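Mind having a look at this structure? Questions to follow.
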Amino acid sequence: MIVENSYALIVYKDKRYLKKMEPGKSFHGTGGVINFSDLIGTECGVRHGHYEIFEPTMEDIIMYGVRRETQIVYPKEAYHICFKLNLKNGSKLCEAGAGSGALTCLFSRMVGPEGRVISFEKEERHFKNSRKNIERFAEWENVDLRLGDIMDFDETGLDAAFIDVREPWLIIEKVRGFMRGSAYLGIIVPTTNQIIETLRALTDGFGDIEVLEIMLRKYKTIPERVRPEDRMVAHTGFLIFARKLIH
Amino acid sequence: MIVENSYALIVYKDKRYLKKMEPGKSFHGTGGVINFSDLIGTECGVRHGHYEIFEPTMEDIIMYGVRRETQIVYPKEAYHICFKLNLKNGSKLCEAGAGSGALTCLFSRMVGPEGRVISFEKEERHFKNSRKNIERFAEWENVDLRLGDIMDFDETGLDAAFIDVREPWLIIEKVRGFMRGSAYLGIIVPTTNQIIETLRALTDGFGDIEVLEIMLRKYKTIPERVRPEDRMVAHTGFLIFARKLIH
Amino acid sequence: MIVENSYALIVYKDKRYLKKMEPGKSFHGTGGVINFSDLIGTECGVRHGHYEIFEPTMEDIIMYGVRRETQIVYPKEAYHICFKLNLKNGSKLCEAGAGSGALTCLFSRMVGPEGRVISFEKEERHFKNSRKNIERFAEWENVDLRLGDIMDFDETGLDAAFIDVREPWLIIEKVRGFMRGSAYLGIIVPTTNQIIETLRALTDGFGDIEVLEIMLRKYKTIPERVRPEDRMVAHTGFLIFARKLIH
Amino acid sequence: MIVENSYALIVYKDKRYLKKMEPGKSFHGTGGVINFSDLIGTECGVRHGHYEIFEPTMEDIIMYGVRRETQIVYPKEAYHICFKLNLKNGSKLCEAGAGSGALTCLFSRMVGPEGRVISFEKEERHFKNSRKNIERFAEWENVDLRLGDIMDFDETGLDAAFIDVREPWLIIEKVRGFMRGSAYLGIIVPTTNQIIETLRALTDGFGDIEVLEIMLRKYKTIPERVRPEDRMVAHTGFLIFARKLIH
C-alpha cells in the first residue's frame, strides 16, 4: 500500500519518475496530472490514468531517486560488485569515494542491520550530497559516512573494500591494511590507463586478480518484432577485483 | 581461519578448486600436493607452495562447488536477477525450476533468516541434486524446496517470483496469482523463440516489461599488455522482467 | 586536388559534412564560413581555419552523402556483406530491395567495370531516390536499377545475391534460381522473428548457413584517457548467409 | 566447375577444409573418403556423401588455406580495414608487417590489376611463408613483397598505408611521408598499452583519428531455437585509423 511520504515510481511509456507521496502535492506529466492524495492508501502496482504506479526497487532509487553530483556506479556494475565482494548479512566493509552515495545504499542493503559500511568522501560538497541520499534511501542505519581521506583511517579485519577514486594506486596498500586475509578488494575505473596503473600497484599482497567489464543490452518488447534496442550504453567503467594475500 | 570440514578455494594459475577441508585428506594438482591437515587452523588468504588458498565466496561455490545436473544460472545473470527482483532481508519469493539449486542458494543469501524461498522442481533427479546442493551451500534455513509442479501451488502476497522452465508462458498467469501488486517477475530463457512466446503471455496483468542480456568481458591482467581475453561466453540466457499490475 | 564540382568532406570536431565544391557556394558551420572557391584547386588533407578538409571515402559518402528515405545498411554490415558474398572484379549479382542505394554503391565498387549489379526496388519513391544516389555516387556504370518486383525477374548463373526486404522468405526460392552453384546468398533483417522465418525458408537448396551480427565499439582518442565511448549503436541488423547447393 | 588443381572447400558439419583438387589424391575425414578425381569436372555447390563441396571464397582461403606462422588479421577486421582505407581498383598502398600474408591477399583483391600493394616483412621466416601464401592465393600479380625494414623505403603519393607491427609509433612518421594528403593510415594493435602509445605518435600530421574494435557474434541456425552461440571470439585487435593532413 502507498503510505504518506513514501516514495512511488510513476511509469509513463519510456519515462520513470520517483516521487514522494506528500498529501496535497501532485505530478504533472505528458500523461496527465496525478494528485498524490488520490494514490495514498491505494495498492502499489496499479494503472492510474495513463500511468502505472509501482513500489520503487533499489534500482529505481539509484536511477531516479539519488541526486547525482558525480558519475554514479550504475546498477549493472553495482550488482556485480556487491556479489563479487561477497557481501552478506553482517559484513563490514570500507568504501573510498562515496561519490553520490548510490553504491553505498546498495552496500547498506547487502550487509543488513548487523553489517557496517564505512565510507569516505574527501570533497565536502559530495559528502553533503551523499549524506542526504543515504539518509533518504539507505534501508539500515549501518552506514558510517566520513568527510575525509581514507589515508587517515585505521582499522583491521574488514571483510571487503571498494575504491572509486581517480588514482586508486595511491591508496591500495593502505586499504589492504584494513582488510582481513582472503577479503576482496574491488575497484572501478573508467579508462584503460587507470587499469594499467592499478594493475602495477596490485603487487604480491593480492592474488586472483580479475579485470572485467559488463555490457547490458536491452531488447524491444513487442512480441512480433523482438530485436535489440538501437542504442546502448557502451561503457561506464572497468571493474578490477583482487583477493588479499597475507603472505 | 580454515576450520575442519569447511570449504576452501584452491587457486593455481587459471584453475580453481573448491575442496572440503577434511583432516587426513589431500589435493593432488599440477602445482603439487596439499595435505588438508596442514591448512586446517591457518588463516585464509595465503600462499601454500604454488597455490593460493582463499575462503570461498558465493561465486566460487556456484562455479566450483555446486554439482550441476542442469544448465545453471551463471553469476553474471544471477546477480542481476537478485537485485532486479529487489530481494532483501525478509523477502518471500517463489522459484519455478530449481534446476541444480545454484540460484536458489543466492536467493537464500539475499532474503536472509527472516525471508523465504519456495522453490519447485518437477524432475525427481534434479530435485534430489538441488536438495543436496542447497543443504551444503545455502547459508540460511530459509529454502522450502518442493518436488512437484508449481501449478499445484497456492499462495498469495509473494514479494517476487522467478521462472526458469522451458515454457514459461504456460505458468505465468498462475505465478502472477502468487505475487503481490508491484512485485517483480523474472524469467530466464536461452532462445529468442522463447522470448517471443513469453512476451505474448505477459498480458495486461504486467507492466514495465524489460528484456535484456548481460555480457561479461574479462581482460588479461598483465599491466604491460592490457587487453580483453581472446574468447568469452557469448550467451547464457535472455532475462525478462515485468512488474505485476493488479488492475 | 579538389576539383570543381567534386565532393569534399568537411570535418569539425565530431561533425562531418559532405559538400559539392561548386564555385561561388559556401558552407556556414560552427567553425566559421568556408568559400568553396578558396578550396578548389588546393590539395586534399588540409586544415582550413577550424576545419579539416578531406577527399571523401565511400564510407563518408554512405554516411554523409547518400540521401536516405529508408533505413540504410551501415558500413560495418555492408563491408562484411561485400566480402562474405565474395564480390570481386567482374562479379555479377542481384539485390532485392535497393532501398536508398547505399549498399548498391558499395557493390558497384566491388565488382568494378566488368561486373554487374542488378538491383530491384518495388516502391517508386525509393526507386527514384536510390537512382539519384547511384547516379551521384557509384563509381562505375555497372548498376542496372529496376523499378519492380524481383519475382518477375529471370536470370541464371549469378555469382551472388542479396536480399533486404521485409519478408525474405517469400522470395528466397525464386532468388536461388538466379544463382549459380556455390554462390552466396546474403540477407539482412532487423528482428529475431525474421531470422526464424528466414531459416525456415532456407531449405536443403542451401548449405553452410550462418547467422551473425556485428558490433562496432568506438574509443575516445585522448592518449591519457583511452576508454570506449559512452554510447554505441547496439543493433542495426542480423546478417544471414548461405551457399547454394545444386543437389 | 571444379577444375584440376584448383582449391575446393569441403564442409562437414562444423568443420571446413580447403583442399587442392589434385587428381589421384583424396580426403579422409569423419564423414568418409572423397577421391578428388570424382570431384574434378563436377559443379561446385553439391552434396557428396555427407559432405558439401563449395568454391572457396577469400574468407575460406584466409581461414583454412593460408598457412599461419603469425597471428593473422581476421576477416571481420580485414574487411573493415579494406573499406576504411578506401581501397578500390587502382589504389596503391604499403603495408608494414606482412605477417602471414592473409591481409595482403585481400588488399590484392581490392586494388585489382592496376593497383599495387607494397608489403614489408622484416623476419625472413615470415617473409618466406607469406610469399608462398601470396603466390598461392592472391588473385592478381600486384603484390610487391619485400624482405626488409620499411624505414629504408622511399616513396610518395600512396593512396593508403597499413601498419601491423609491435611498435607502430616508431614508424608512423616515416610511413606518413609515403602517403598523399587525405590518405588513410590504418593500424592494428592487440593491447590498450599500444593504443595509448600509438595515439601519442599521431601528432598533428594526422586528422580525424578513430579507434575502434569489431565484435562478431554468431547465432545457432536451428529455426526452433534461435540464439547466440555459447562462446565467441572476444578480442583480436583494436583498429586505429587516421587521415593524413599536409599542413
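All chains are identified by letter, namely A, B, C and D, in their written order; residue positions are counted from 1 within each chain.
We take it that a contact is a pair of C-beta atoms (placed from the backbone, for glycine too) under 8 Å apart; a residue touches a chain by one contact, two chains touch by 3 or more.
Just so you know, these numbers come straight off a predicted model, no measurement behind them.
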Quiz prompt | Chains in simultaneous contact with chain A and chain B | solution = C, D
Quiz item: Between chain pairs B-C and A-C, which one is joined by a greater number of C-beta pairs in contact?
Solution: A-C
Quiz prompt | Distance from chain D to chain C - Cα centre to Cα centre, in angstrom | solution = 21
Self-check item: Geometric centre distance via CA averages, chain C-chain A, whole Å
Solution: 43
Practice problem: Give me the residues of chain A that touch two or more other chains. | Solution: 192-193, 195-196, 217-218, 226
Quiz item: Residues of chain B touching chain C in their complex?
Solution: 192-193, 195-196
Self-check item: Touching residues (chain side chain D, partner chain C) in the complex
Solution: 11, 43-47, 52, 54-55, 57-59, 75-76, 78-80, 82-84, 86, 88-89, 106, 109, 112-113, 139, 180-184, 192, 195-197, 199-200, 207-223, 226, 238, 243-247
Practice problem: Give every residue of chain B touching chain D within the complex, in rising order. | Solution: 190-193, 217-218, 224-236
